[in-house]
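Labels A, B and C are assigned to the chains in the order they are written; within every chain, residues are numbered from 1.
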Amino acid sequence: MKTLYELADSLGLPFRGNGQCLISSVGTLAHAESSQISFLANPKYTNQLQNTRAGAVILSESVADKFSGNVLIAPDPYVAFAKVARLFVDAKQTNTYIHPQSFIHPEAQVADDVSVGAFTVIDADVIVGQRCQIGHHVTIESGVVLGNDCVIKSGVTIESGCKLGQRCIIHSGAVIGADGFGLARDEDGWLKIPQTGIVRLGNDCEIGANTTIDCGTIDDTILGNDVRLDNQIQIGHNVHIGDHTIMAGCTAVAGSTMIGRNCLIGGGVGIVGHIEICDNVTIQAMSLVTHSIKEAGQFSGAAPLQKVADWRKNAARYRQLDQWVRKVNQLEKKK
Amino acid sequence: MKTLYELADSLGLPFRGNGQCLISSVGTLAHAESSQISFLANPKYTNQLQNTRAGAVILSESVADKFSGNVLIAPDPYVAFAKVARLFVDAKQTNTYIHPQSFIHPEAQVADDVSVGAFTVIDADVIVGQRCQIGHHVTIESGVVLGNDCVIKSGVTIESGCKLGQRCIIHSGAVIGADGFGLARDEDGWLKIPQTGIVRLGNDCEIGANTTIDCGTIDDTILGNDVRLDNQIQIGHNVHIGDHTIMAGCTAVAGSTMIGRNCLIGGGVGIVGHIEICDNVTIQAMSLVTHSIKEAGQFSGAAPLQKVADWRKNAARYRQLDQWVRKVNQLEKKK
Amino acid sequence: MKTLYELADSLGLPFRGNGQCLISSVGTLAHAESSQISFLANPKYTNQLQNTRAGAVILSESVADKFSGNVLIAPDPYVAFAKVARLFVDAKQTNTYIHPQSFIHPEAQVADDVSVGAFTVIDADVIVGQRCQIGHHVTIESGVVLGNDCVIKSGVTIESGCKLGQRCIIHSGAVIGADGFGLARDEDGWLKIPQTGIVRLGNDCEIGANTTIDCGTIDDTILGNDVRLDNQIQIGHNVHIGDHTIMAGCTAVAGSTMIGRNCLIGGGVGIVGHIEICDNVTIQAMSLVTHSIKEAGQFSGAAPLQKVADWRKNAARYRQLDQWVRKVNQLEKKK
């Protein structure tokens, strides 16, 4: 339990109303109770503000002026909400229990204060940093290095030799370091190219559930610091991703593509192989990127949603678009 | 073994031909033997009817009139086939074996008649309902509740606190309750928003292999009754999905979106966050939904497939479509 | 360590330069050292050739003429590189260790020279061929057959009865044989169709990390020989895929579709159910295939990427494309 005054003080932010108001956790505008603090960041939910029962609300200054309840005033209410939520969660303790039904290879180096779940495998020559929390059914193959304070959730596989920085979070079912899709076509069929590189993650990376990051073919697949990948993403071999770039779910990046820093890649995006995307590029959901992008900016490519009857007619015209445009040109010339 | 007469009687449907014909299982028109019953539901396969060796076939009345073999007549042959197939499968017994190489926390409440596979983890305070069948390598984290008659296949992860209704089926590799993708951008980088909600599934939900459903950020992610998700689907935090809605493989729904009842969502569809889709909406494969849909109906959005040579020309024109339309308008005005 | 002369001799290819040059492994043009052999296959990287420190480079004859260093001359440098890389990797030994914390059912038939990882389950009536390498946390359900020399990586699930040929490689987290998405709509809701078929893989198939291949509903799901699937792919029930066909990541094929031999399917492609694609078809990334393809060739369908401001205008025009084309037709008639 913290008072509104204490929360404001922790975050270095001003407040209005009753500073002695007691807050025990965070809640949504729609469902918070009087012991909870809520927030308004997305203007779509402004109409929920007047009826909220939250004990206090985090608001921008301009919105705060129109609200009569207790307010924590923040330039970016979503960031302030993140910080407040973390204050309450950080109070929870982590544990340092090694489950007896795990397998830790005698030649692995595991720090004293880690926790390891049931049926987890930590193989030879693995190094596990301090305070790492490793779930159930995790496979950490030989030679992997985990920095300090990593969280590896249940069912994760990290293949041989991959290196993670500090404070990385790997969600359930993710696979780090599987073979890239490297094939050469011989007369008899496909020849598999041995995949001998690794995956390197910087510090503070977060990898979503069931996401896959392939190892490099010879050199490595590299994610910088603070790269955040949502669930079900596929990162091909030898891809590089710059610091602070984030990707939403189900996006795929093909081999050897270089993505810059501070990019925002939407969900379901496809990025072909062997191209470069510069810093500060935003790609909207379900776009296909087929060429390098050399200038920062926002890009989009999905076709628009239509009623099926309209879609059928328009799609049929699209198939002949070049012909129609030629006709327009001819009509113009005849003028 | 059942006679055609018995099958017809079980389903309350009429038959034609030899009621004493013995049926031991279901088969396809192309490959069924004389001891099997087959069906015709998709008109694409009508030409297979004349040559089938099936002992009997489930047909609609109009098709049955043109077929000389033994027939079970059904208003919807696919539904009748489902019911017949289930009659033969339900005859198989389920088991109640707890594998000795599993870990069941002493504070878990597991009903007497469940089965638990090898290396499965059932953590503290989990409640497992009657007759649940749990496979190998399953992780059920603390506080999870499984209703009666759930089937959890191998390698599934259900994270802390999630609640499943009765008769849910979770296929291999699915992850229920991983953290949502909640990040706020601070000056130094991304701040992770703690994800403290859970996932709630109603009764009779089926979740496909390697599908992921994120927990809610504060409130919960909620699937109603009889929601059916295919493989490789991603459901974001705080999504709601109404009763009887189904989704085909590789579809993704971003956070806080509300989807109604009886919707049919195709494969590879993307649905952005914070929108609402009403009841009885059909979305065709690989469409992107960027706005709320307030009226029932069928929607589509994928661009048409073309030969690459045509696609190049048409796609180039599409990039200047607005300019061409303006020219058409000018030509029209000059008339 | 092998000399350039020995490598050339092994592959039956000519070389230029110092045949006594010692090579210990493969490297990229950018990062190879003098004890490594590199290659140039993608012309995008030609500019890296002049500065490489590689001890030798695999080049086509025409490129070799412009390079002064040691060269292995190959008609297809990528194929030659694959073969050279395999020479160095094949030198590594595989092991035949059965981890004591695994579960092998007494009624399974496991060849003597296989390796089985920790917490792996090999259930009743499974047959494991010679020299198979099975990782940690693998589930092989009852009745599965693995041919000789299969490699099953960690966390793979192979469900009951599936049959794999020889030399198949299944990457981490893949699920072979989960239930297909078969549902019939009854008045009360969805009726699950029992899925009683299996998955059959031919020889030399490779299945990517977290890829899912559903079992057949009645008949089987069948992949031919040398079919190569990248990560995160979804193959529906009763799909057939012909020999040597490959698919890049995140592609989905719906139920009962037949795909021919030697097809190249890009990433993020969607292929609807119940259609046929003939041999030698190439589908580019993120295309949707809605109809059968009866002629070999290259097809594409994704909408082009644009700056968001352009995309908004062009997409709006696309929604009325049929109307604009009608106007063009009217203008033409009035001429």
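Just so it is clear, a contact is a pair of C-beta atoms (placed from the backbone, for glycine too) under 8 Å apart; a residue touches a chain by one contact, two chains touch by 3 or more.
In this text, all values refer to a predicted model and were calculated from it rather than measured experimentally.
Asks: Using only Cα atoms, superpose subunit B on subunit C and state the rotation angle in degrees, rounded to the nearest 5.
Replies: 120
Asks: Is the contact between copies subunit A and subunit C built from the same residues on both sides or from different ones, judged by whether over half of the numbers are shared?
Replies: Different, since most residue numbers here occur in only one copy.
Asks: Would you kindly tell me how far, in whole Å, the mean C-alpha position of subunit C lies from that of subunit A?
Replies: 25
Asks: Considering subunit B alone, which of its residues make contact with at least two other chains?
Replies: 119, 137, 155, 173, 210, 232, 250, 268, 286, 302-304, 306, 316, 318, 320-321, 324, 328, 331
Asks: Please output the residues of subunit B touching subunit A within their complex, sorted ascending.
Replies: 103, 119, 121, 123, 137, 139, 141, 155, 157, 159, 173, 175, 178-179, 181-186, 189-194, 196, 210, 212, 214, 218-219, 232, 234, 236, 250, 252, 254, 268, 270, 272, 274, 283-284, 286-291, 297-304, 306, 310, 313-314, 316-318, 320-321, 324, 327-328, 331, 334
Asks: What does subunit A use to touch subunit B in their complex?
Replies: Listed in rising order, the residues of subunit A that touch subunit B are 25-28, 30-31, 42, 44, 76, 78-79, 81-83, 85-86, 88-89, 99, 101, 117-119, 135-137, 153-155, 169, 171-173, 204, 206, 208-210, 225-226, 228, 230-232, 243-244, 246, 248-250, 267-268, 285-286, 302-308, 311-312, 315-316, 318-322, 324-325, 328, 331-332, 335.
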